[in-house]
C-alpha cells in the first residue's frame, strides 16, 4: 500500500456547530472522523473548513495536497468561485478528489461532471446496503460482498451524472430505491471517486468498512505520474519514412 | 421506428409442457407470449424451440433472422455445440441477440461473454423494481422511471459478466439485493441486450412495460449496416506523403 | 430513418467574412454547407451565427431545436455566458448536440465536459484517415472502413476529454499523430457527439462521407423520449412487503 | 510498487528455435527477454513453453502464479483445450493475464473475449508510435507521451475485440493505420491487459519503455483481494424493516 500520501479533508463544518444531534455523532466534526483513520495509516492528513480564510484551501495547502476529500451540504453556494476554479484546475493537473455524500451538489463536483448532479433523497433513516458490483477494483479491496448501514439517508436514481468510468458499488434502500454509490471518473490528470454514504446524523464515517473504502480510494486516486501531455501547436510536419531497408 | 425486422424467438419450451402452473401463465409457451406483441408491431416474427430438429435454428432460419431472442433454463446442456457455434458466428456477423432471464446461463451467452455469468437467485416471488439509470437510451423509450413487478424471482449481485458497454436498468428486490438488469454488449458486428426479468411462474412477459422494453431492444439490436471490416494481410506499405503543396 | 428532426446549425461565421481562401471553400458560410445536405434529407434545418442578436439562439429558436450543431474557432470568448448557460440546460433537458472540429474549445463543450478539452494541432494540410473502430454504431452506418481526407489540419493526442461513452472513430495523420475523432457523451437527457474534421480552409464539409456521418449523428442525437427523472424529496418511506402468499 | 508478485511468462518458443533472425534478436527466447527485467524488479518470475509437458502450465505452476504473460503465434492450435480451460478458470478466480502481440489469436484470449479477435496486419518493419490516450492509468506510469518503435509489424483496425474497459494506448503506423494497442478487460476476478507490440523479428522487448509498460501491467493485473462473490441459491427472503424509530 502507498503511504505518506498528502491528504486534505475539506468539510463545510456547519451542521456540527449548530445541531446537537450531529455534534453527538461527530463531536470534532465530520472532517476529523474522516481524517483520523487516514492519519493512522501513515498518510500526512490535514483538514480545511468553509469558514477558514480561503476556506482553508490556500495555494500553499493545495500545493501540499495529493488527494482532496470533500464533504459539504447546506452551504455549497458560499464556496467562492475562485476557490472552486483553483480546485478544478488542481484536479486537472493530477490531484485526486474524493467527493462524499451531499458533496454531489458541490460546485466543484458539478463543474467537473458537466451535469446537474441531481438525485432523489429521503431522510427516513432507512437501511442501506452497498453491493460491490466490481470485485476486481482496488477501491473494494478488503471489503465484503456488501456493506450494511443500518440507518442512512436515501439517495435514489436517477442520479444525473455522466456515465461513470467504473461503477464499483450500487446501493439498495429499504424504501424501494437503488443508487450508483461508488463511481469513478477521470478529468484531465486527476482521478475522482464519488462515494454516496455519510449523512450527518448517522455514524457512517465511524464504520470500519466505510473507512476502508475511503482509505482505498485515497490510494487509488493518488496520481500515478503518467506522461504530462503537451498541448498546442505541434512540431512541424516531418513525413516519416523510416521503413526497414 | 424500424419495422419489418425479422425476429426469431427461441424458447427451451420444457417448463410449459411439464408444469401446470407455468402452463396457466403461458398456455402457448413463453415464446408465443414474447412473439405476439412483436408481430403486432409489424415485425416478421417466427419461433423456434429446443426439441425441434436443430433446435429450430437451421441455416435457413438463421439466414432469415435479424434479431434472435433467447429464453432457456433447465436444458442449457442439451443445446448442441454445433448450433451454439452457428449462433455465435451469426452474432459476430451482425445478428442482434436478446438474452432473457435464465438465458444468462445459456451456452450462447457464456460463450459471447467469456465469463461464468453466475449470480445469486431466490424463488420467493418477491417485489422487483427495475430502475432506469440511463434515460437517454433508446431501449427505455416510453418507459417510466421504473418498472414495478409485483412478484419475481430474485437475481442478485455479483453478476459475473464483463463490464457492460451500457448499463440501462438496475433492479431492486424486496429481500435486500440489487442487480444490473438491463445491459448492452457488442461482439463483432452484433449488438446484445441482456434483460433480467421473466421467471416462468410469473406473468412478466404479459406486462406491457416489459413488452415495450423488448420491442425497443429489437429495434436497437437490429444491425446498422456499418462497415464490414476486412481482416488479414493488408495492402503493401505505401508511405503517404500527400502533404499540401 | 427519422425525418423531420428540427436541426439548428450554429456557426461563428467570421473566417468566411474575413479570409478569401475560406470564402472560396465555403462561399455561403460553413453553416450553409452543413445545413444543405441535412435539409435535403427532410430535416427542418435553420442556421444561427455569432453576430446575430443572442447569437441567433433565442428561446424561440432553442424551443424549436431538437439537435444543435456547433462550429466555432476564433471567437469562443465572444459567446455570452447567458447563451452558454441556456444551451447547456437545453442539452440536459434532451437537446442533442454535435460539436465539430475547433468547437472542442467552445464554452459550451468545455462546460459539458468538465475538462480543458485541450489538444495538439498543426496546420500543414496533411492527410487524415478516420478509421471506424466501432462498426456497430449507427453513426457510421453506410460508411466504409475509413474516411480519407487528403488535406486537413492535424489534431493530436492527448485530447483532454473525459473517457468517451463510445469511441467510434480514431484518426491517423501523416505526421505521426492519432486522435479520438468520433466520440459520444451523455449529459443529463442529452446526447453529444464530438466529430473532429472540418478546418475552415479545407472542403471537408463538402465530402459526402463526412456529410453522412453528420446526418447519422443527427438521427442518433435526437432524443429518444425515455423517462423524465423526478428529482428531490422522494415520497415517504413505505416498507415493501408484498411477498407472494 | 508491489513486489514479490509471482509471474509466469509463457512463450510458444518455436520461432526462436527455427529462425536464425529471430534467434539473433532473442537468443534465449522471447520469454527470457520478458522475464529478466521483471525478475530484476524483485518479482518471482518463472517461464513456461509450449513443448514442455502440459505446456509448462501444471496445476502446481498455476497455483503459484499471480500474473500470467502470454506470447504465441504459429502454434495456437497446439495448445490443449484442457490447459486453455484451466487458464481461463484461473483468470476468473483472480489471476492476472497479460496478452502480448500475436497472442490476440490465442485460444485463451479468444475464449475470454467472446469475439474473433481478428485484425489487419502487414510485415513491413514500419515505424510504430504508441500514443498514450489515458495519462492517468497506472500502466503508463513513467512513460512519455508516446513510445516510438522504429520497426514493427503493423496491426490495424478493425480489431475485433469487445469494447475495452479502458483504452490506454493507440498506435500509429507509417502505412496509414491505427490500432487500439493497450486495452484492459475484466473477466470474473481477473484483470487482463492486451498489449500490441512484439513481433519476433524486432527487438521490441529489449526496449526499456516497453519493459516498463509490462512491469506496470504486472502490478496493475495483480489481484486486489476484493470480495469473493457467493453464487447460487441465496438465503431465504427476510423483509427488511429496520427503519429508524
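Labels for the chains are A, B, C and D, by order of writing; each one numbers its residues from 1.
Here is the rule we use: contacts are C-beta pairs under 8 Å (C-beta built on N, C-alpha and C of every residue); 3 or more make two chains touch, one makes a residue touch a chain.
Treat the numbers as computed from the prediction; the structure is a model and nothing was measured.
A count of contacting C-beta pairs for C-D and for B-C identifies B-C as the more extensively joined pair. A centroid comparison over C-alpha atoms places A as the chain most distant from chain B. In whole angstrom, the spacing between the mean C-alpha positions of chain B and chain C is 32. If each chain is reduced to the centroid of its CA atoms, chain C and chain D end up 36 Å from each other.
Touching two or more other chains at once are residues 124, 126-127, 132, 134-135, 145, 156-158, 163, 165-166, 174, 176-177, 186, 227, 229-230, 237, 239-241, 243 of chain C. Within the complex, the chain B residues that touch chain C are 94, 124-127, 132, 134-138, 140-145, 150-151, 165-166, 174, 186, 189-191, 223-230, 240-244.
Every residue of chain C that touches chain A in the complex is listed here, in rising order: 88, 92, 111-116, 118-122, 124, 126, 154, 156-158, 160, 162-163, 165, 174-177, 185-188, 227, 229-240.
Remark: chain D residues 127, 129, 131-135, 145, 156-159, 163, 166-167, 170-173, 176-178, 180, 237, 239-241, 243 touch chain C in the complex.
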